[in-house]
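One structure below.
By letter and in written order, the chains are A, B, C, D, E and F; residue numbering begins at 1 in each of them.
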Amino acid sequence: MIYLTRRERFSAAHRMYRHEWTDEQNLEIFGKCSNPNWHGHNYELFITVKGEISEDHGCVINMDILKEIIHKNVINKLDHKNMNLEVDFMKGKIATTENLVTAIWNELKGPVEEAGASLHCIRVKETENNSVEYYG
Amino acid sequence: MIYLTRRERFSAAHRMYRHEWTDEQNLEIFGKCSNPNWHGHNYELFITVKGEISEDHGCVINMDILKEIIHKNVINKLDHKNMNLEVDFMKGKIATTENLVTAIWNELKGPVEEAGASLHCIRVKETENNSVEYYG
Amino acid sequence: MIYLTRRERFSAAHRMYRHEWTDEQNLEIFGKCSNPNWHGHNYELFITVKGEISEDHGCVINMDILKEIIHKNVINKLDHKNMNLEVDFMKGKIATTENLVTAIWNELKGPVEEAGASLHCIRVKETENNSVEYYG
Amino acid sequence: MIYLTRRERFSAAHRMYRHEWTDEQNLEIFGKCSNPNWHGHNYELFITVKGEISEDHGCVINMDILKEIIHKNVINKLDHKNMNLEVDFMKGKIATTENLVTAIWNELKGPVEEAGASLHCIRVKETENNSVEYYG
Amino acid sequence: MIYLTRRERFSAAHRMYRHEWTDEQNLEIFGKCSNPNWHGHNYELFITVKGEISEDHGCVINMDILKEIIHKNVINKLDHKNMNLEVDFMKGKIATTENLVTAIWNELKGPVEEAGASLHCIRVKETENNSVEYYG
Amino acid sequence: MIYLTRRERFSAAHRMYRHEWTDEQNLEIFGKCSNPNWHGHNYELFITVKGEISEDHGCVINMDILKEIIHKNVINKLDHKNMNLEVDFMKGKIATTENLVTAIWNELKGPVEEAGASLHCIRVKETENNSVEYYG
């Protein structure tokens, strides 16, 4: 079993808040991350897929196909967007990195399997100090 | 003459647009960077000051004083904020990195000189691929 | 299950040596790392905790609480200190990165659990080429 | 159980191609990576070994011995070489990163065990965006 | 005057050698870098342009135009190529990083000026330890 | 004129203090950096030399010669050492990064010129946030 990791990047605005709460309640729980006027990040996304090495071409998966899957399903929806307002798979969710990794997992699991590999891990690095991983 | 560089970071939302233009005109010039719902970045800020080495303490400037100047005048105003809506020294300016470095220069020049050094360069790295420098 | 990793940093002096051995014996086993006059590093510490996503706030753990736990129990004791002479949880141990990760694990396991998550991994990066991980 | 990771680097030329295929067929499958005139990379190699902490010296393995094993068996054969033409353990294989990690695993497993530790993972980072891992 | 730096990347094979010399003479001067079977690198290219901030759009130069200039004139010719055999602007030159930065300068100076800015610096980072700059 | 930069690294212990002052006075000026039991860093050293490209070999200076100069005169004296107690060119100086860059300049200027290039800049990065440059 081989694990292949692709890094992609996107820049997005977001706000951590729960709509049932007032701005003051959100501020109490989420601090400056709940700023009603938004803030943003350069996110790094690490997608790890696993599979056997193909005897035909020596790869786990064709990298161009993997990149196309990631861009179509995730990057194009998130890059230079507002994560709370514009991203279909984040609608109705608190815009935390924890909720983001599970949502991205759900977007990519099917297409990666259709391409002949298995999705192993989604990791999102929000800043140089904070990152989150999900293994399904 | 010695050059001392301090790196600081801030995460902010912004939108590149000119208010006299329509969203369509802004989109034509600024592309996805003009998204009306904002996007954001992890900015890295490099402040370079210059001066002679003090015979008393062997430094160009006391680092704690320099950090306080940077945080009070720049980081506290930009971090987890909306650059277009909430930052006094960016009011009325197009929120490009070019306008940001000159504005930060103006904020820091006086306080750095009062602390006994000279401001040499403001560099802002917006993404791992794009950065801008200003020397006054 | 979600894995959240926080990076923190500390700069410390240390010396790899075993007090029952002479300086010559330590030099033979540990090489330049046993220099009796000490040397030091910028250590990077990666703390990974795991848990379920809270339906209430969408996070595994409140990041401010996690940071406070790490600083109070680890960073404040190690940063700008001598690892051999001044760090209570390294007393009587050879100051290797291997012994450091297990000691940090013991310091953090309880407080992380009290805060509602589980400690998953302690990783310490001593230089850009050497790092050590411990999973309990 | 402690996991120790050593990073090493090598710069090599390669070409992804299968000799039974024509250049056109290779181009169709491997794209620009199949350029008959070669291209190359700065590869980063991460070797993770595992073991118990020695009560004698507080380490999993003597780092100088580990470095010697890696250089003798892997780095000296790959650095500033052509991966397709000059590397004994890649002969007859398609020069993909997937085939490289399994080949390096086979080169290092025995020597690491003779030195008293176990080989846990071979990771090769081909570019800042692509990496591959193998756990045996 | 504002300085704007764009980073681009390319992976190429090369060999440092002088065709008037034998392989043995090249080996004596260039060491392993003269390997007749080639080796390669992930090159990082930093292009710095300078100019005034446009009152119209707040930028020194339109980033999409700058990227197009760099890709058309430099990246497309170097990426996944053999620097000695396939790159028109390196023909007849020893494939050192010093000769590369001056050649790239000559390729980009005209197009950058046509786009309304001035070329300030070409920097090429061959490995994490070695880089070369040229200011014209 | 071409500028060539070589990065080297060293790990050292130090303490910022002035021997005429008491520990309390040093603490007041230098804070935790004056800890009498020392602390340490992974220092990154960037040496920039300048010169014309040799028509003979296409380089500014032979890299192996430059590396030998840096190691013999600087790295071997600083790596895994105590900067205050063991480094001849820092004797009698406050162990600040400012004093370090000027001292390294003095060590390297002559040998670089003997090798046919000019010393342009010494930069030392003490942490990921702090660095100092000197141009003679």
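Here, contacts are C-beta pairs under 8 Å (C-beta built on N, C-alpha and C of every residue); 3 or more make two chains touch, one makes a residue touch a chain.
These figures come from a predicted structure and were not determined experimentally.
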Discussion item. Please report the smallest number of touch steps linking chain D to chain F.
Written reply: 2
Item to complete: Starting from the Cα centroid of chain D, hunt down the chain whose centroid lies farthest away.
Response: B
Item to complete: Please flag the chain sitting at the greatest distance from chain F, going by CA centroids.
Response: A
Worksheet item: If you tally contacting C-beta pairs, which pair wins, C-F or A-D?
Response: C-F
Discussion item. Report the inter-centroid distance (CA atoms only) between chain D and chain E in whole Å.
Written reply: 28
Discussion item. Distance between chain B and chain D based on Cα centroids, please, to the nearest Å.
Written reply: 42
Worksheet item: Which residues does chain F have that touch at least 2 chains other than itself?
Response: 128
Worksheet, complete the sentence: Full set of chain pairs in contact is A-B, A-C, A-D, B-E, B-F, C-D, C-F, D-E, E-F
Discussion item. Which stretch or stretches of chain F touch chain C in the complex?
Written reply: 9, 11-14, 32-33, 35, 37-42, 79-82, 85-86, 127-128
Fill in: Complex interface listing, chain A residues touching chain C
16, 18, 29-31, 93-99, 101-102, 128-135
Item to complete: Would you pull the chain F residues touching chain E in the complex into a rising list?
Response: 1-8, 53, 57-60, 62-64
